[in-house]
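Paired with chain B in one complex and with chain C in the other, chain A is shared by the two complexes that follow.
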Partner chain A sequence: MVVVYSRADKIFRRIVTAGALTSLMLLGLIAAFLIFRSWDTFSQFGFKFITGSEWFSAGEDPLGGATTALVEAQDASVFSIGPMIVGSLVVALIAMFLAVPLSVGGALYIEFYAPKGIYRVLVTLLDLAAAIPSLIFGLWGIQIFTPIGVRWATLLNDRLGFIPIFSVEFENFARSPFVAGCVLAALVVPITTSVAREVYSRTPRDLIDTCFALGGTKWGAIRSVVIPYGKSGVIAGAMLGLGRALGETVAIYLMLNLVFDYSNEILDSAGGNVASMIALKFGEATDKEISALIAAGLVLFVITLIVNMIASSIVQRSTPRA
Partner chain B sequence: MTQQNADTTTTVPQRADAAPDFRGLETRGAHAWFGTHHALADVSLRFPERTVTGLIGPSGCGKSTFIRLLNRMHEFIPSAAMAGEILLNGSDIYDPLEDPASIRLKVGMVFQKPNPFPAMTIRENVLAGIKLAHLKRDNHDDIVEQCLSRAGLWKEVKDRLGAYGGSLSGGQQQRLCIARSLAVEPQVLLMDEPCSALDPGSTLRIEETIRELAEKITVVIVTHNMQQASRVSDFCAFFLTDGGPGYLVEADATRKIFTNPGDSRTADYVQGKFG
Partner chain C sequence: MNSVPAVDQYPGVEPLRPWAVTRSTRLKNLSRLAVFAFVAFLVTIITPLAKFDGWAVAFLLINVAWVVGQNSRLGAKERRDAVLRVVFTSLAVVAFVPWLSIFVTVLLKGYRAIYPGYFFSDMRTSTPEDEFNIGGAGHAIVGSLIMVAIATVITLPLGILSGIYLTEVRGRMTFLVRFIVQSMAGVPSVVAGLFIFTTVVQPMGKYSGMAGGLALAVLMLPTVSRTAEEVLKLVPDDLRSAGYALGARQWRTAIMVVLPTVKSGLITAGILGIARVIGETAPLLLTSLNTNGFVWNPAGGTVASLPTYIFSMFMYGTEYSAARAWTGSLVLLVLVFGFFTLARRLGATAAQTAKTDSRKARNLKKKS
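Right, the complex of A and B next:
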């Protein structure tokens, strides 16, 4: 069969193809740049770059002339980001643990319980909140939330301290992964709520009507139709939030003490995250260190890709066969 | 298709004239509004027990609005209002003390498009109403078999009750939806164009099912298909609108409506002259 395209069709096809190719090419170029610039680091440290927990940069000669001693000293540099990777995941998971239930509850309230007047206001506010720069969340976190977060952390430590992750060596709860995770949750909630609400609003009306027609209540309809129907969409929204939480830089930079140590105490005032580490170190980095930071960026890039792939496979698997 | 009830009770007037011991579903002067739009005016009808009544009429004449009044689904639409009385076995279903959920258990509904719950298996779909309404039942297996049999689906699905409802064909899905409605043991089953999305073969299967259901329960069916109305129903009610609210033109035994209606507009409609 010969498909005859009209002239306008051909032009349109070329334009959209060019658009698709451009975005793919950009992604490819970014990946190529990251791999190229981080090559030195990976060839020197190999897998230890990911698992190790030491970051030491032997500085350059402040006067600019590289002496023999300094060249030797530079070789003493050790770069590895294990604790930062773990830190990224821990803070992001704390954020998601808090944000997902809040978002699901909030979305269900807005879509099914909020009076009409409040509905409009809430939807608008949510979109506004999603556009607030993370720096603002960081400042709010330091200025306003930290004392509250510390109170929650104290309570957790007091009541559940027997669980290893809630125990601490020193009772200094500020600037801990827990408090930073709470701020990150606040940052993520607008996005995930917005997606969840959108998904829930698309539940076919006659499925909900059927629940009522069977003598069910609103809560019954939500539990047996709305939530299962929206499951994959909500997971996708949560992953969008997780992506943002993993890559979050400024808020974490402001909220967390970067410490290059593995720790399993989320209430302890030490932690880290790859993105904020890069931001923190980039300004004063030596050439070798820059290569290592770009390598860290590549690791973050790959982690985000993996998270997205897991997400889309979950979405595919939980979509009901129809 | 048999019309045993039509033969024995041709003189049953469906217009409600106060008979306090009437069992079945009855509307008296029912009106419906959406905001300021008056959608349905002054419908008085009786649906005797164990009969099938077809609601016919052109699009927009208020049939669907009317059927949704009968199980209080009407009130889910914001700004919807109603007036008049709707009595089930003599008691008003719009009584402020009535729980709408318990009314809907007695007056079930099957929708236009087959809509099994997508995240549930065939078995779970049948039992969904029992779970939703928190009914206490021990013999779940019996209920599943009984309801699927009554809906004419048991033989086809008995070996794959764990499959998802969405894996069935359109006609099977609709019969699954009927089985799902039957599980909560309604006295009346409302069907809003249940075959409009189905092929002719599936349509005939559903019509057989409807006739069988009428041995035990009352069925009210909205249909645009005149042959279907004549095949499946004992009584027919013809609705019409003249641009204003929809109203009831006449209601009578199906045979009379199709052969010798009292109103010339009914005759024109059932002969396909408009609609």
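Right, the complex of A and C next:
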């Protein structure tokens, strides 16, 4: 088909293209500004910024005036976020470890087992749950979930304490990566579940019927058709959830006790998280510290962007098939 | 399982369903579950399993045991099928319990500090520890609404433009734009806050509602673009062809045929975006902070918003301030769900098309 565009059409197309490219530009701008503002930090600390484990700042208020003495004192500052990156990964992995089975099970239940009457209700509830602000998850986590999580942590430590990651030096389980990870799991489950459910609902009917025609049970059909068919979609959903878990700020801020040290005890009341560290340190940060925090934001941005790009490329590759 | 698919095609014809669950079977099932629940309760008394979660584990194990016993004469395949039914059901229950717990908690803890003045007064003349009949979150609600309005004014046109680009113009960068929009949905909220802090707050030298609104816009854009694209995809090609057949150019077809068709859907896109960002806390902590009084000028320094109000009340740490935080959460949750329901209602045209999809899904369920 040969399409001939009039002049008005060309203008229209140009305006629309410009509008569509804003999001592209925006992403580029975010990266550019973060790199620009964190340049000082990276040029001073280099790769050590990511591997080191010390955060020490001396100085003044970011928006107030700085005296020369204070600015000079800032040179003694050392910034690095190694434990925070590891901590972010640990908490996010705990969350995903809990969230993925729950999401897959929940999605399969909603799509294939739930009675007709409550199917609608469950899907609506799922949508609503995905809309709960993470701040409220944080409040709930502190006031309601923490006692339960601490009980689980005590139990784990009691029975499985011989496994290194479940052992602790001091028995203080509140605000530990484990409890924070549980709350984060509750936060991530709506996202991963709705993606998984959507993928499962697109399983070709014929394939499932074939299973039943061959005398298979429902589980047989799910195992041999639904799960393989939805695998890439579920992985993409899990990656989206992982991206969310890595970037989560306030819920972790409230649920986790930030400590600038590497630790391999997930039940201990000490952990790290890049996003909530930024929020925590931001209030009384010095000029140099803000540059370091922006550098931390850049690291977080790159990590989540990679995770999300993998997720969306899986989604885009698997969509046409459906 | 209990009805024949494709019956919908012959309304009025109801086949006999001898396999349907009768009332007495249902009663039997329910009473069985009640007995199991009670036994599980007894288990929590005598064994280390404790509290509600321990009870749930006991209940699940009893159910699995019963299913295994029931189906032992049917063979391994059926048994596995039945056990997995119980497992999936309980996984779904476990997944839903936290959310239900959140709804209930917010309601139970949130209603305490509510009085009419809560929506109209600010915290200038009262402290977080005061009785609940003075002070309120009016300033925070106003601040939130102003910032969300700024974000909407910016993102709605951009989102619609990118939707049109992806569905109507279909330029060379379609794939890239879609990919970037999807990836952008995952930008951590705190990073959006940092970005606006460096580009707006620092040059202006002060925190402001404008900055907060811009930070929310960054987070809102992907949601709006994606929903707008989904909605525009629903417009049948016949309509476009009709437009062209009447001699309209592409721009006229797009503006006068396609967009009006999905008007409510595009509003839905905006509202979904609002529901997505109205509860964002982290970016506002970096861009608009919090204050105790009403601020109507988006460029006039720090502004309170519901999330930062809740956050600061909660961090204040007394019983009364925590109660105020929960009330704020209740208001926030009601706002979010209100916008969400509104979006659903308005998306009626979109739902019409989606209905065919869901009918397919339901047929699928019936057969399996």
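The criterion applied here is as follows: the second predicted complex is superposed on the first by the 280 of 322 C-alpha atoms of A that agree within 3 Å, B and C clash if a C-alpha of one lies under 4 Å from a C-alpha of the other, contacts with A are read in each partner's own complex, and residues count from 1 in each chain.
Convention: contacts are C-beta pairs under 8 Å (C-beta built on N, C-alpha and C of every residue); 3 or more make two chains touch, one makes a residue touch a chain.
Bear in mind that the values here come from a model prediction, so they are computed numbers and not experimental data.
Judged by the touch definition given at the top, the superposed model places A:Val100 against neither chain B nor chain C. Of the two partner chains placed by the overlay, neither chain B nor chain C lies in contact with A:Ala180.
Using the contact criterion defined above for the overlaid structures, shared-chain residue A:Ser312 touches chain C, although it does not reach chain B.
By the document's definition of touching, of the two partners only chain B reaches A:Tyr229; chain C does not. Contacts of A:Thr193 after superposition on the shared chain: chain C is touched, whereas chain B is not. Applying the stated contact rule after C-alpha superposition, one finds that A:Ala20 touches chain C and leaves chain B untouched. More residues of chain A lie in touch with C than with the remaining chain of the pair chain B and chain C. When the shared chain is aligned, chain C comes close enough to touch A:Ile136, but chain B does not.
Contacts of A:Leu267 after superposition on the shared chain: neither chain B nor chain C is touched. In the overlay built on the shared chain, the residue A:Asp209 is in contact with chain B and with chain C. In the superposition on the C-alpha atoms of chain A, the part of chain A touched by chain B in one complex and by chain C in the other spans residues 116, 209, 212, 217, 220-221.
Of all residues in chain C, only 50-51, 53, 77-78, 80-81, 84-85, 87-92, 94-96, 98-99, 101-102, 105-106, 109, 157-158, 160-162, 164-166, 168-169, 171, 173, 175-192, 194-195, 198-199, 205-206, 218, 221-222, 225, 249-251, 254, 275-276, 278-282, 285-286, 307, 310-311, 314, 322, 325-326, 329, 332-333, 336-337, 340, 360-368 touch chain A in the complex they form.
Across the complex, chain C is touched by residues 5-6, 8-9, 11-13, 15-24, 26-27, 29-30, 33-34, 36-37, 63, 101-106, 108-114, 116, 119, 122, 125, 127-129, 131-137, 139-140, 143-145, 148, 151-152, 186, 189-190, 193, 201, 203, 205, 208-209, 212, 217-222, 240, 243-244, 246-250, 253-254, 275, 278-279, 282, 293-294, 297, 300-301, 304-305, 307-309, 311-313, 315-316 of chain A. Across the complex, chain A meets chain B through its residues 116, 204, 206-207, 209-217, 220-221, 224-225, 228-229, 231, 320-322. If you check the complex, the residues on chain B that touch chain A are 71, 73, 76, 78, 100-102, 104-105, 108-109, 111-113, 115, 117-120, 128-129, 131-133, 164, 166-167, 177, 180-181, 184.
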